[in-house]
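What follows are several structures.
Each of the next two complexes has chain A plus one more chain, namely chain B in the first and chain C in the second.
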Partner chain A sequence: MKKTIAILILLLLSNYLLGQNRVLTGIEIMQKIDENEFYKTIQYTGKMTIHIDDQIRTKELCAQAKSKGHKALVEFINPEDYGTKYLMLDDELWIYFPSEEEVVKISGHMLKEGMMGSDFSYEDALEANKISEKYDVQITGQDTLNGNPCWVLTLEAKVKDVPYYSRKMWVDKERYIPWKEEMYAKSGRLLKEMNVLQIRKFGERIFPVKSEMVNKLRRNSKTVFELEDIAFDIDLPDDMFSLRYLQR
Partner chain B sequence: MKKLLSMSLLLLATIRLFAASEQTGIKLWGSNYVDIAAFHFLNNSTDDSLKIGGMNTVSLKFHNSNKHYGKFEGNIDLLIPLGYTADQFSQLIEEGDSLSSPFYPLFVQGNTPVLLDIRKLYLSVYLPFADIMLGRQIINFGKAFIFSPIDVFSTVDVADINFRRHGSDVTAIKIPFSFLSGMDLITEFPRKHHEYSSAFRIYHNMWDFDFAANAIYKHRNKEVITGFSFKGDAFFGIYGELIEHFMDNFEKKYFEGMFGLDYSIANTYIFRTEYYYKNSNINNEWGKHNLFISFQYLINDLLNVSIHTIGSDVGGNEQMLMYMGQCNYNILQNVNLITYARYFSQKNEVKTLPDVEYAVRIEVKF
Partner chain C sequence: MGTLSKIAWRNVRRNKRRTFLSALVIAVGLGIYIMMNSVMSGMDRANIDNLIELSTSSIKITTQEYNDEKESLPLKYGITTPENVISYIKKQDRVTGVTPRTQFLGQLSNWEDTMPVMGQVINVETDRTVFDLEKYIDGDYFSDSKENEIILGKDLAEEMGVNIGDYITLYALTKYESRNADEFIVIGTLNTTDPNINSNVILISYETADEFLDLENLITEIDVAMERRVNYETFTQDVDKLAQHLKNKYPQLEIKTFMELASGFLKITEQKQFFGSILMLVILAIAAVGIFNSVLMSVYERIREIGVLRAQGMKRNEIIKLFLWEGIYIGLIGSFMGVILGCGVNIYLVIHGIPLEKFGKFSNVGIPYWGTLYGEWNIGAIVFAFIFGLIVALAASYIPSRMAAKLEVTKALRFV
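Showing the complex of A and B:
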């Protein structure tokens, strides 16, 4: 009887210990990132600083987005691009140029182009919320990045319709922040690198507020993107994500 | 000279007034650009085959900041032509042809006319079921970049290096059906001695394509135009317009069509072409067969070069061709330097049009 009780206690203890140290799967880590960054709606002003050789160009924008249906409306407010707007609905994108009252649908090959001359492509913006749906995720290592212990995830495309064949991601073990991401072509060539430079706590949520994208195909070029005046889960009417609103 | 000076002071005061009232809800922005051009007449045997001209353009844009219930928007260009260009405008004003141009002569100082181009000046009201707009607007009705048979309101100005459009005086009603579909009703204000049109279109997005069914009525000509247009992606970006003209109580009918392709390689090379077929019974500036080809090479995000060619009646007896080479350099955040050269061939007896134009534009945005 004593032996049975001792085995039972040992079993319970080992179960508890295993539960504590259970290693998360790659998909679970991706889900944790999504849970941390998840919002119903978001509104912010942003600043894109584009570094080209030794020159700097700045773009300022106001953005509103809704998670449900992957909807976003972005308006540029710097004098050079004032009034230029983007409407993203799921995986479709339209640009409005106010000077000529022109609405242009961006599709296919054009999605690979840099957004307003930056190192972020339209595709980067469109697929930001869909990575876990389109890639198989494996934990392939552990690393320390700027003093932060990280999981190293390797993502391989499981569908054809992706801009990058594989990705490598450094995810903070405690806060589930993807500090660094590398995007590769099928040939194994490094195409882009993204680094989170600054995070900020909003209630329970820890959100990246400053990041940089380096396009490895362009010489001496990087774009730093900063978010300011962020408001989460505010009321945004559905009809603002429409072609009608885009042209107002 | 006094008038020019007072005009400049008035302009500065207007800018200051608008800037001061920004807190009360007016957003003002715009640009100033100067074009300096040399016009080369190759077949001119006289010594002055090379003429120097140009234009200074102040482009002011504004709208109310709070656009919740509606919008009052304007885009007013003030133009001061220089040298040979000023001579051409003065001649047009003397001949009384300026009425057909979008440029309104404010006054003439010596041989220099000061011109006004009101591109936009309209009021919008946003109702729950529709947006209603009244006044001078840019109506981008077609899908084409250059040749659009259904673009009857604000047609593309091929003489402008950016292929800009001019405003039309219209009432427009936009009724949405869903986020990506709706109906537009547009009617032009009647003008003496000029054609004016009314139009209707229903648009919808499906299978990743934007489709539109269009109907246009030209009042003076009593002509009905119907057709459809599309824009989407099938490896290449593809777009087109197919329309039928009906005249004389539907006894006569003519077909017009446009088809365009665009493609981008490695975010560096951008290619675009458009073919436009026009029936010879239709009276506009283009020939039966018309082609536009454009190629742009982005050296980096600050510097690009491009070549544009417009040919009309290619292969016919009366060819009209325009080649334009451009180099755009974004020198500073808000300063662009554009150098361009244009070659015009078979000018259809337009004697004032040079054979070659070499020019430079400096643009400052504010």
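Showing the complex of A and C:
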């Protein structure tokens, strides 16, 4: 009996020790990123600074999102675009233009275009939750980025209908922040690079609050996105994410 | 009548300088009319030729779904079994060429800047049987090289700062809407008569595009070239006939003639023809005034002669007829000279044309107005000019001669 108990304890202990040291798979790291960034609802004001050559344009917006981005409403508040609203429902997008008082559905080719002239495409904003479904995720190395030890993940497309044929991500080993992401074309050319510039702790959650997207097809073309006044898990009514509300 | 016409002919021959000057006015007016008509018809023909040979072809075939979304040049609506459609069309009468094409939207990048472009994937062998792009290429046409080759519109190449032999990056979405970008070597530039092609279009071959755009043999359009039989009218009839036949044979496909595809452009051409007719009327009116004035003066100069003829017993009616005969002769000589002058200039216009590039490039008008503009023979316009000259000369002689015939013999003899 004593022997059996000793074996059981040994087994449990070895399982525990193995679990502690077990190397996570790529998919598990992706899940950790999702868990860290998970929210029921989010509300923030944002600033998008678009750099093209020497020109700088700034867009300001208020955003509310629910169900981890499955539903999002964005309203621009800078003078040039004041009142322009975006409604994202899963992978569908509508834009309301106040001057024409008209709602336009954005689909197909248009989703690949830069959002409000920025380097973030509409699709970049819509596809976040589908990465692990469409890519084979492998840990292909380890690296240190700005003093943060990172896993280097390589994502290869499993299917052909993906926005980028392959991606490379540098994920913080401790906090599961994707500090850097490179997006590649089918030919292997680097198209875009995303860098997280600043993170902030909200309770248990560590959230990126400033990031940049660099367009590698143009020289000096990047967009910096900053989040302010962030509030998580507040009550947002469902009818806020409807076409009727968009036209209000 | 015979005597009067003979006297009239003798008068015409006797006053050689007057006859020549009157006929010259008619000739210059009609010559300008014939020449202008030739240039304007030539301009219309050149525009339509450019349209067919550079963009629309005679008949364009796509799927109906593609046609509904053609502005975005989608890569998802390919023609099923295009090889069967192509081989069937090739067997039809008056078809001189059939070729597949696949268009797409993309961006060119020189790593400094990007420019939106309209991509044309072409079949290197058959494209030249339908489109006439090859003669506008500076540099080379596609080779068997394994390298990614690209031909750019000349203005586009200048805008991107690349020359033949340089490399440039083309960015586009694949058939599966995945982003792709790759380097291409510029093997040639396109300097066509269509400014839109020069500033927006790039050409790549199916061999390159199959890999770059994941095409998997996708063909979104089939272009057909047809023989130009007799003239434009018979050509459009032939095109319409074949298009109708293909519509019946392939009801699931969208079959459009160049007249349908370029209806907006052809409407502009019609409007231009209307304004052209007004311009022609003005030219003819100026010619008519000249002719009228010239014949009128010759009648007034001879009122005393009319008085002498009346004194010798010639009736009023005969006087009018005499001057009408003179008008007919002057009209005939002038119209003949006008036709000779107009046709002479036209021979040069038809053979050598007007090199419009010397006058600058009018690319901002959006339709081809440069290159060499050739004249066009228009037999109807020449016959019209001849008859018009005759009628105006006749009318111009009738009114003053009637007035002169009415004068008292004594007054006519004293007329200064």
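Throughout what follows, the second predicted complex is superposed on the first by the 229 of 248 C-alpha atoms of A that agree within 3 Å, B and C clash if a C-alpha of one lies under 4 Å from a C-alpha of the other, contacts with A are read in each partner's own complex, and residues count from 1 in each chain.
Everything that follows uses one rule, which is that contacts are C-beta pairs under 8 Å (C-beta built on N, C-alpha and C of every residue); 3 or more make two chains touch, one makes a residue touch a chain.
Quick caveat, the model's predicted, so the values are computed rather than measured.
Peer 1: Considering only touches as defined above, state whether A:191 meets chain B (first), chain C (second), both or neither.
Peer 2: second
Peer 1: Who wins on chain A residues touched, chain B or chain C?
Peer 2: If we count touched residues of chain A for both partners, the winner is B.
Peer 1: Just checking: does A:162 make contact with chain B only, chain C only, both, or neither of them? Give me first, second, both or neither.
Peer 2: second
Peer 1: Mind working out whether A:200 is in touch with chain B, chain C, both or neither, as first, second, both or neither?
Peer 2: neither
Peer 1: Which holds for A:40: it touches chain B only (first), chain C only (second), both, or neither?
Peer 2: Once the two structures are laid over each other on A, A:40 reaches no partner at all.
Peer 1: Going by the contact rule set out at the top, does A:243 touch chain B (first), chain C (second), both, or neither?
Peer 2: It touches chain B, and chain C stays clear.
Peer 1: Once the complexes are superposed, what residues of chain A are shared between the chain B interface and the chain C interface?
Peer 2: Correct list for chain A: 108-110, 112, 217-218.
Peer 1: In the complex formed with chain A, which residues of chain B make contact?
Peer 2: 27, 29, 61, 67, 71, 75, 124, 126, 131, 137-140, 154, 164-165, 174, 176, 178-180, 182, 205, 208, 210, 231-237, 262-267, 300-302, 330, 333-334, 365-366
Peer 1: Under the touch definition given earlier, write down the residues of chain C that touch chain A in their complex.
Peer 2: Where chain C meets chain A, its residues are 69, 72, 74, 105, 107, 109, 111-114, 169, 171, 173-183, 212, 214.
Peer 1: Which part of chain A faces chain C closely enough to touch in the complex?
Peer 2: Counting only chain A, the residues touching chain C are 108-110, 112, 157, 159-165, 183, 185-187, 189, 191, 217-219.
Peer 1: Using the touch rule from the top, collect the residues of chain A that touch chain B in their complex.
Peer 2: Residues in contact with chain B: 50, 52-53, 55-58, 79-80, 82, 89, 92, 99-103, 105, 107-110, 112-114, 117, 121, 217-218, 221, 238-239, 241-244, 247-248.
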